[in-house]
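The data blocks that follow each hold one structure.
In what comes next, chain A is part of two complexes: it sits with chain B in the first one and with chain C in the second one.
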Partner chain A sequence: MLQVLIPLTVDALANAAIIFFVAVGLTLVFSVLRVLNVAHGSFYSIGAYAAASLGLWVVSAGLPEWLTFPALVLSAAFVAAIFGPFVEHLLIRWTYGKSEALQILVTFGLFLILEDLQRIVFGVNSLYEDTPMRLLGSTMIGGIVYLNYQLLLIALAILTLVGLKLMISHTRMGKLIAAVVADREISQALGINTNRIFMLAFTLGVFLAALGGALATPTTGVSPGLGADTMVLAFAVAAIGGLGRIEGAAVAAIIVALARVLAIYYAPELDAVAPYLVMLVVLLVRPYGLFHTDTTRRI
Partner chain B sequence: MRMFLLGLAALVIVAIAGISAPWLQFLLSLAIAKGLAALGVAILLRAGLISIGHAMFFAIGAYATAFLTRNGITDFVSLLILSTLIATAAGVVVGAFMVRYRAIFFAMLNLAVSMVLFSLLSKLYNITGGTDGMRVARATFFGIAPGEQTFELIVFLTSLVVVMLVGFAVSAYFRSPLGEALKAVHTNEIRLEYISIPVWGVLLVGYTISAALAGLGGSFAAMIIGHVLPEMAFWTESGHLILVAVLGGIGGVAGPFIGAIFLELVHTFAASFTDAWSMIVGAALLFVIFFLPSGLYGLINKKRGGSAV
Partner chain C sequence: MDGLKKYLGLAALGLSMFGSALAYAQEKPASLGIGVFSFTSGATAAYGMPGRNAAELMIEQINAAGGIGGVPLKATYVDEGQGTEGVIADFRKLAGDAENQVMIAALSSGNCMALAPLVDQLKIPTVGWNCDTHQLFASEAHPYYFRPNGNTVPEFMAYALYMLSVKPDAKRIAIINPDYAFGHDAANIFKAALKAFKPDAEIVAELFPKLGAATFQTEISRLTAARPDVIFSNLWGGDLENFVRQAAPRGLFSMSQAVLALGESSLQNVQIPEGVIVGVLGDGWWNSPDAAANEETQKFAAAYKEKFGSYPVFPSMKMANSFLFIKKAYETALEKNGGKWPSRDEVAEAMKGSVVETFTGTTTVREDNDGVVDQIIGTTVKVEGFDFPVLGNMVRYSGEALMPPVGEDPIEWIGKLPADFPASLPQPGSYK
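Entry: the complex of A and B
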């Protein structure tokens, strides 16, 4: 049984790492801007398309193959630089402090526009670019073969989690973000440029989503419709962990991954249902997520 | 009274358009089916609640029709009524849990339930046909099996009658104390509790009616298209229902239908020269939100427009 379960778990954890990148971006944007960004999944798929295209270009241009690794991060940074400030300034900014219904609608409109935009720019074909995964090869531990790239994904996710926590607690920028999250008005009164913080946080969120997409391409490739699928998964993970909780997103990603492993092992047809069942149960018992400690309710 | 006459006139115009140009019948019936579901979403929007999962009741209505047809019930009217009843029952059960939540939590819980339904519909291949969906055999009318064209005409005319009946019923509901309380929930929920109006009761009734309308629309859609798919329950479909409701405006009963017919017509004409259809719709949605907060309906009825969100 372990011979089956361990590889499955590593597989699931690598998936969890990808979803963590997207969900933590979503949760970060929500906690700073108080906007639930329905278009967040689109940044994931745009990042994936950008990374696959850039990787394919690197390979076809005859450049050294190891360049495909920086290409992954570079394309995510590129997507964030193009979309982050622009979208925040032009669209999201007008919804601050408005009702949730309005915010969801505005970002849904953005989702529709971005879905078509990537179809026009990248076409409707699936792209595969697995050079990074091939280069890393695999390791044999205890008679089981692991893909090194998957182990790298898990390590990167852990690094990102630690990095984000350190950034918020130890850097000037992080402390400013924490202040704005804690009290927007007082921060403004103290002279913090909240608009700049919002833009930075949004751009960081876009970067994390795009990075998730970019890192996923070597294992899964990219095809149309990816954004919408990822969106709901990221929603589920962010909601389970408690919207706005960074470590919550990490734990929730692992819980969802393990739930899927169990589902695949015991009831394969329930595989796709598992994340949403967990989300449903958690939200019914603890509507604010597993990690939410704030007890204030609106009513 | 003026709005009533306007609505009747609009119905007559749609009927004449459909009868004189039969190729429009399929399109208009489908628009009306979606309009019914969007009207359900509009009811919840009145109370300030946004559901990113309401397509589940649309799908429940559609799949109920498919299952009933497969099990030998083929009468058109019986199918409509039974499917709506099934969706209503689902609405009561799901709603009983939902009405405890507000804002984002309401939206996300609806999303969770609808995604569970979507995944089950696409995975339980032996029961639901998986991602292939299920075929829906053409319904009969009181034991008579019509040809394709007659069928489309009858469905179209029935949908108009249903819109009229639903329109009367829902506008009566909006004017009733129970319906007016929906807006009050949006404005100030605590005051309602103070004057001893049970908010959860108000919302449960609203939720159930909205589920019933979505189910009715779904049942229509299943029979018009002749096929049901799991995608009917996917979250983007729920997003589209909200879009239709907001585009048309939630100030009155006519709003969602205006939105649905407008969208369906634009879709058909836009499809002939561009495939960036989502982009147009998304931009239109943003335009309506920022510049026409009471929707297309607000253009006609300035007095009772009512802001969408």
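Entry: the complex of A and C
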């Protein structure tokens, strides 16, 4: 029993880690801006392309290989700094308070533009940069060899979850975000610069998506179409957890990952649909997601 | 009177233009338009680009030698990465242009299946340069569709036979193939061959990740947990390279005997370890003993290396051989026409039943338009002169021996083969 349980758990957590980064960014943006950002997956793939490109440059320039680790985070920060304020200010801001249909159409348009932009900038062929994965080696768990990099991803996802919760509850910025989420008008009346909060929250969401993409690159190739696949999965996770719920995104990521892992182990033909079957069941029972309540704070 | 003159003048001009058009139709065209379909974007481009590159080089070389019958080739390249709907639309558009006389389409089995009814409808000779699924000609005849590169039945029977020769005691078999026609067909044929020649073999895991999956980490855990003696896979392109990159550091290839059916196409891109069974889905290895002895093949390989910086892989050779197939068909049709430029119908007629010497062997077109080619399989080995593993311990199975008769269900045919069938075939190491 333990022989099966251990690999199932490790695989589910490793899978959940990457999904979590994207889903938590999506849910954060929704909770603060009240915008369902369809283009969120594009930031994941741009982060992945940026990290792979920077990593390849570090290696080709003959720099120490350990620099490929900070390169992952730096790429995500770079993507967030470039796209976050720019996209929020020029595009997303005009959809605040508008209908959901309009918001979805605008962000879908942005998604299409960003997908083409990636093809123009990074080309149409796959990029591979696996130095961080190679440097960390592997570990045997329950009779199965796992990459230490996979374990690092689990640790980073937990750190990010804890960090976000601490940021929301213990920092001035977090409290301002919470206030805006709780009541936008009253926050404005109290003198909070809500536009600045929106921009910061959106940029943080972009950073989390780009970080997910960047952290995924050492174990996978980066090619066109990556963003769309990730986006659909992130939506499922955010919906299961309850849009706007950070801890919901974490638990939902684990549930979805576990569903996928169980499918691969015991019913491979259900692999592709497993996350959506889970979403269907959850939404039938709890239409606003597992962690939604009418009274709790929405972040 | 002036009006009548003007009318007669216009009529004369119209008649002369019509006459010119008729004369033009009987003369050689300024160029021979060819639509070339392959994956040139996305993860699958790792497999498709070498095919496209080979097309470019073949056109250059054929044109430098005077073209076909004195007519230069002119290609329009179509990216199959756009999806099947786009491929169908582009095919229809290209076939509708009279300048395009022949198509090389497609790489993907799924796209070939989707194009087949269109090929019948538009009556344009089309060469399936890479699509392998045996289903293409299984239930319907496609008089204008030709597949000189062979099909999944001999291809994957060959792997089962080779594997059983080098690992006769293997009992626990795992399969990981892409989740579409090509992956499922290959799994069914491989399993049918195991059932026929190694009935005590057990399938301990059978996984079909979607084409273009970014990560295979859970699949790798599942395969490891199954403790298979042999892992068979026909993943290809970026999927194969991702799988190898992720599986090798997790010890999958040292734990089990891997059979990577399309492995040769990735040997120069990713570090496939020594001892892995790989092949070329046909006879298209540029450096097989037969190809090494062929001066034209070596010239092509050298030019390819010079132009693209790497050796041609088997998709390159399949594409190059497709051009040789088309060239031969035109030469036959021209000869039959007494030098008059052939119509599409006449080219298709010339392709029927043709036997063509290619860069890597011979392809024989059967009455169902499927090609019969030999199958080369080997095991990766490092040799001097190459900084990547190449094929060693090779065998070359006769294509005819592994091809079910026309119209016969392949799975039933494999099941009816005698138990001593593998012993009647050449053994690994015999092709050198």
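The rule is short, and it goes like this: the second predicted complex is superposed on the first by the 284 of 299 C-alpha atoms of A that agree within 3 Å, B and C clash if a C-alpha of one lies under 4 Å from a C-alpha of the other, contacts with A are read in each partner's own complex, and residues count from 1 in each chain.
The criterion applied here is as follows: a residue touches a chain if its C-beta (ideal position, glycine included) is under 8 Å from a C-beta of that chain, and two chains touch if they have at least 3 such contacts.
This structure is a prediction, so every number in the text was calculated from the model and none was measured.
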Output check: A:110 vs chain B and chain C. Expected answer is one of first, second, both, neither. What do you get? first
Check the residue A:11 against both partner chains and state whether it touches chain B (first), chain C (second), both, or neither. second
When the two structures are overlaid on chain A, which partner does A:88 contact: first (chain B), second (chain C), both, or neither? neither
First, second, both or neither for A:99, with chain B first and chain C second: first
Which partner chains sit in contact with A:143 here, chain B, chain C, both or neither? Use first/second/both/neither. second
Which of chain B and chain C A:272 touches, first, second, both or neither: both
After the superposition on A, what does A:232 contact: first (chain B), second (chain C), both or neither? first
Just to be sure I read the superposition right, which of the two partners does A:129 touch: chain B = first, chain C = second, or both, or neither? neither
Residue overlap on chain A between the chain B interface and the chain C interface 119, 269, 271-272
Chain B contacts chain A in the complex at 45, 48-50, 52, 97, 101-105, 107-109, 111-113, 115-116, 119-120, 122-125, 189-190, 234-236, 239, 242-243, 246, 275-279, 281-283, 285-286, 289-290, 309
In the complex with chain A, residue positions of chain C that touch it: 40-43, 45-46, 49, 79, 81, 179, 205-210, 212, 214-215, 217-219, 221-222, 224-225, 238, 241-242, 245-246, 249-251
Residue numbers of chain A touching chain B in their complex, please. 36, 38, 91, 94, 98-102, 104-106, 108-113, 115-117, 119-120, 228, 231-232, 235-236, 239, 243, 269-273, 276-277, 279-280, 283-284, 287-288, 298-299
Of chain A, residues touching chain C in the complex: 3-4, 7, 10-11, 14-15, 119, 124-126, 128, 130, 133-134, 137-138, 143-147, 150, 216, 219-221, 223-226, 229, 260-261, 264-265, 268-269, 271-272
